[in-house]
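Working notes, beginning with the structure itself.
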């Protein structure tokens, strides 16, 4: 595979949507135009690949979307793509549409599908990490993560108003699946008193002891940020009951931030990151790469073997945990 | 009671906090200074009144708070204030501090307390409507309501990104207690397909039928705004299950917006409203009024007998319901 | 003209854009659909009317625009529409497209054009007040005004951070043409020390004296909100020089907020207002009204003779000026 | 100098304020408490050092400031600190207050002062890079830069609404002094058609040619982001006149974003960065470092010799310029 053989690139988004996906699509399209390659949008992820739900995109097709959350190509889960028959249909559609390569934007599920498809049909695929969870290996940041951090921090700033006014304790559940990145960073940013993450098991008793100490030290309200994947935080209502029984000092409330974390206008960082990765995806295809994820490491665009990207997410930063402990004093 | 007899005004916030309460306190303080009256802040509502938790406030004490959510005087519920003994303590504290009149900022619970206190001790009290729920009679708007509408609409804008990207149906629960004002207005503003409010019983079947029709008409995603006090929306998880069983066209998700609705920097409207009401409260006291709420009706500041303000909340605007029906086509 | 004779409505936006215009278009379109009337979008205001730049709109054409600033129908000034020939072309295009009535969304210039056109051709036109300036008679609020207030207040909140940190004086110029509504309300909302509006001539000396007094009273920084139409504020750089010469206590800086005030996602209030007015426009046409503006007065939708709407803007609220004076103490 | 000899740390902010400075102060204070070191706030930068304007700070002194723009310690320029006499007074005050080390938060001017002071009195000083301009060597990011990027991008999103609605060209001036980082990144993030930065001289003719090409390619509006330090952008009004004469295709407008860029609630990134750097500053002092800046490189906290940090700012990223060119197609 060399540069001259790629004449038409397909682009799709798959899995949970993330702010910046539109910016990434835009960059793939415009970068294709820049290299005089045609670009085809595939709707609803692998589902649309199987159904042949395609639309030619040009530079103007992607105007005024860099600032929009979600993905205008839409996303979906596809059970059929897990079957050999489904993938064969997808391959046939690509051949018929004379698409030579794919850019898939999504998370680990998306990449798993891409790996299988690439192996079966020797079809060139480049992946971009698009998920708010920041749980992809081989990239410092995923598209949407920075925006989600700001959304969480702004939400907790609002909750803090009430917590302060009423001397309350709030348990705030945030997303992140098995990764504590959102909880840890947004927890530091929001000035949380405690942060519960899957990578570290705190235990209910230590949590209550710590909250008691901080109440004694003069704190009149408290925010506990709880990652959805945390051991004791998974059952957040049960945790709240336990706290109510064992910590009479505060009135305890629960807020589950939910899906607001996946949407919203992307932050500048996510827009720039998505733009760089989108350009990088087309560069990689033109350089003959066939089964890689494009990521950012130390502020440089890198390509990582797909399988590497799934080798367990980045470990949590011990330095950050120490910072969180110190500044919540 | 005439102007010359009021030399010192106490101000407190009580009940749930609402954005703009700080702006109202600021206006009461500065209006007092303007009229060369002293002003005393009472912390934690009626609880602080009973405990004598007072602090003299001057024009500089309230700088840089107009833009802050919550209430720097803090708020609390007070069981003791429901007792004759509690109220007697409160009265004694006011006498000792030579406070001649009170401004209480809060909702119906706050006003109920104020009515009893005023009657027992013939103590001048003026109330300001501070609640996001807009459920006070005799005022077109309560302090915090406009901000809450914007918070809800911004949150649903984010959720819409995901709904659109995945062709999903979202049930979004919003606050408002027994009043549908937040749900109806934010529902219109967010372009919701359906809005469930306590004032109108839709029934689960009609809801499902209507959602089916809108799906058939070409809608690919759907937002249903559910007021926390709505008959079928109260049990939002049960409602979601019912929808999942009877409407296979969408994947159905639930988001409870929760306490983010009570916080945040107040909107311009709430800051101006709170400032006008705060000035109006001091004017009313100087005019000899003793048991009134200051509200806004047709953009004019008015005073309303306390008891009037509690006579059942304003009815829902039928015109708005019609608008909601038409524009969700 | 009665209900049955209107089968197709044209809708256009003209003059400066304002947040909420899209929500108004959406409501006109969906209300037309509701009444089984066809709706045609006319691009670039009267310019597109003359050029026949039309596009049929249905309920789905206006999805996902309620939350967007600007106007997707675009806006333009049209010199040609000021000529008899231009208007004749416009009329011919309307006849050819079998459009029976127009809804025009804009400010006074838009309404002036509508009045002439209605008189010349006896063509039914209903106007909606769309301008951030709130300078239209016969409506309490114009579409876009509430959003602009929030934009200004958020911007000044940011500037206040720097003013406070450096003990500075900032002159902040805001829009509004000859109306001081934005300056006065946003000035109160932002906690400005002084507010300069066209309706009230303060004079440079009184301004400086007042700033000196407030400095002496303990203020360490100061925000002066200056309406672009104010007598001494029009030349804001000259005013800054004058202040620098006569008030050594502060370092004086100038910020012109500019066009950020016209854009942005509309506030909930503007979305609801625009939706109500859009529905009201179609109602009015169906009721046989032919040359009116639809406005909101005391929270009720009203229709106002076009000429009334241009009879000098609403006077400034004296009560608000008093509030501004008191709370900036 | 070893760990045991530092018993009291002074902290100050100097130069232009930047969002996140409060978060940095908070981290310095709480990290001091964590290490059982006392912490003293010094008001108004070096000016307050000379005047002895000090206040002891504890963990509670810095509550509820992590989300606030500006600096509660205030900032100022100090002419007197440029003199030997001024610095001697400052030193005497530090000795009298038994302060053993300083943390100074600011930009290059702040660090220059720190270098001289450290050399004259052999006084331990650690600097933190606090400026929106990102123009400090030895750190990938400065405190406040990420927030400023988001502020700029949000402002241009609003301006884009109007640009799109009216087919206009907007020149938008952004801050950054001699560094193009803000312009380049915010320009990419805002989807600007052209970006003018000091590091690259485009020339007026090439700019006009490029805008003509993009108009021909189908763009109906245009945003040009202009760095305040750019050669042809410095005189932005002159540039606008030149464009008006040579590019009749658009109506050309100018907006100077101004001081809104320095304020506002810090982004999550800036809060976390400031927290890490603040903790790092105290760590460095305890490790015996005496004249270093604490920065972040490749997501690790590093210490850099003060003089290194001033050796010309980081070069602009050529890769980013290429991305900007490609995605503005």
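The first chain written gets the first letter, and so on, giving A, B, C and D; residue counts start at 1 in each chain.
As a convention for this text, contacts are C-beta pairs under 8 Å (C-beta built on N, C-alpha and C of every residue); 3 or more make two chains touch, one makes a residue touch a chain.
The UniProt protein names, listed by chain, are A, B, C, D = ATP-dependent 6-phosphofructokinase.
Keep in mind it's a predicted model, so treat the numbers as computed, not measured.
Please find the path from chain A to chain C through touching chains that uses the fewest steps, and give that number.
So the least number of steps between the two chains is 2.
Which chain has its C-alpha centre farthest away from the C-alpha centre of chain D?
Chain centre farthest from chain D's centre: B.
Interface check for copies chain A and chain B. Shared numbers divided by all numbers used: above half gives same, below half gives different; which is it?
At the contact between chain A and chain B, which are copies of one sequence, the residues are largely the same (over half shared).
A-D or C-D: which has the larger count of contacting C-beta pairs?
A-D
Averaged over CA atoms, how far is the centre of chain A from the centre of chain D? Could you give it in whole Å?
28
Find the geometric centre of each of chain C and chain D from their Cα atoms only, then give the gap between the two centres in Å, rounded to an integer.
Once rounded, the distance between the two centres reads 36 Å.
For chain D, what residues touch not just one other chain but two or more?
Touching at least two other chains: 157, 160, 164.
Any two chains that touch count here, so list every such pair.
By the stated definition, chains touch in these pairs: A-B, A-D, B-C, C-D.
Mind pulling up the chain A residues that touch chain D in the complex?
Residues in contact with chain D: 26-27, 30-31, 33-34, 59-60, 63-64, 66-67, 140, 146, 149-150, 152-154, 157, 160, 164, 185-186, 188-191, 217-219, 265, 267-269, 271-272, 275-276, 278-279, 298-301, 317, 319-320, 322-323, 326-329.
Where on chain B does chain A make contact in their complex?
Touching chain A: residues 13, 16-17, 19, 21, 68-71, 74-76, 151, 155, 157-162, 164-167, 170, 253, 255-260, 262-264 of chain B.
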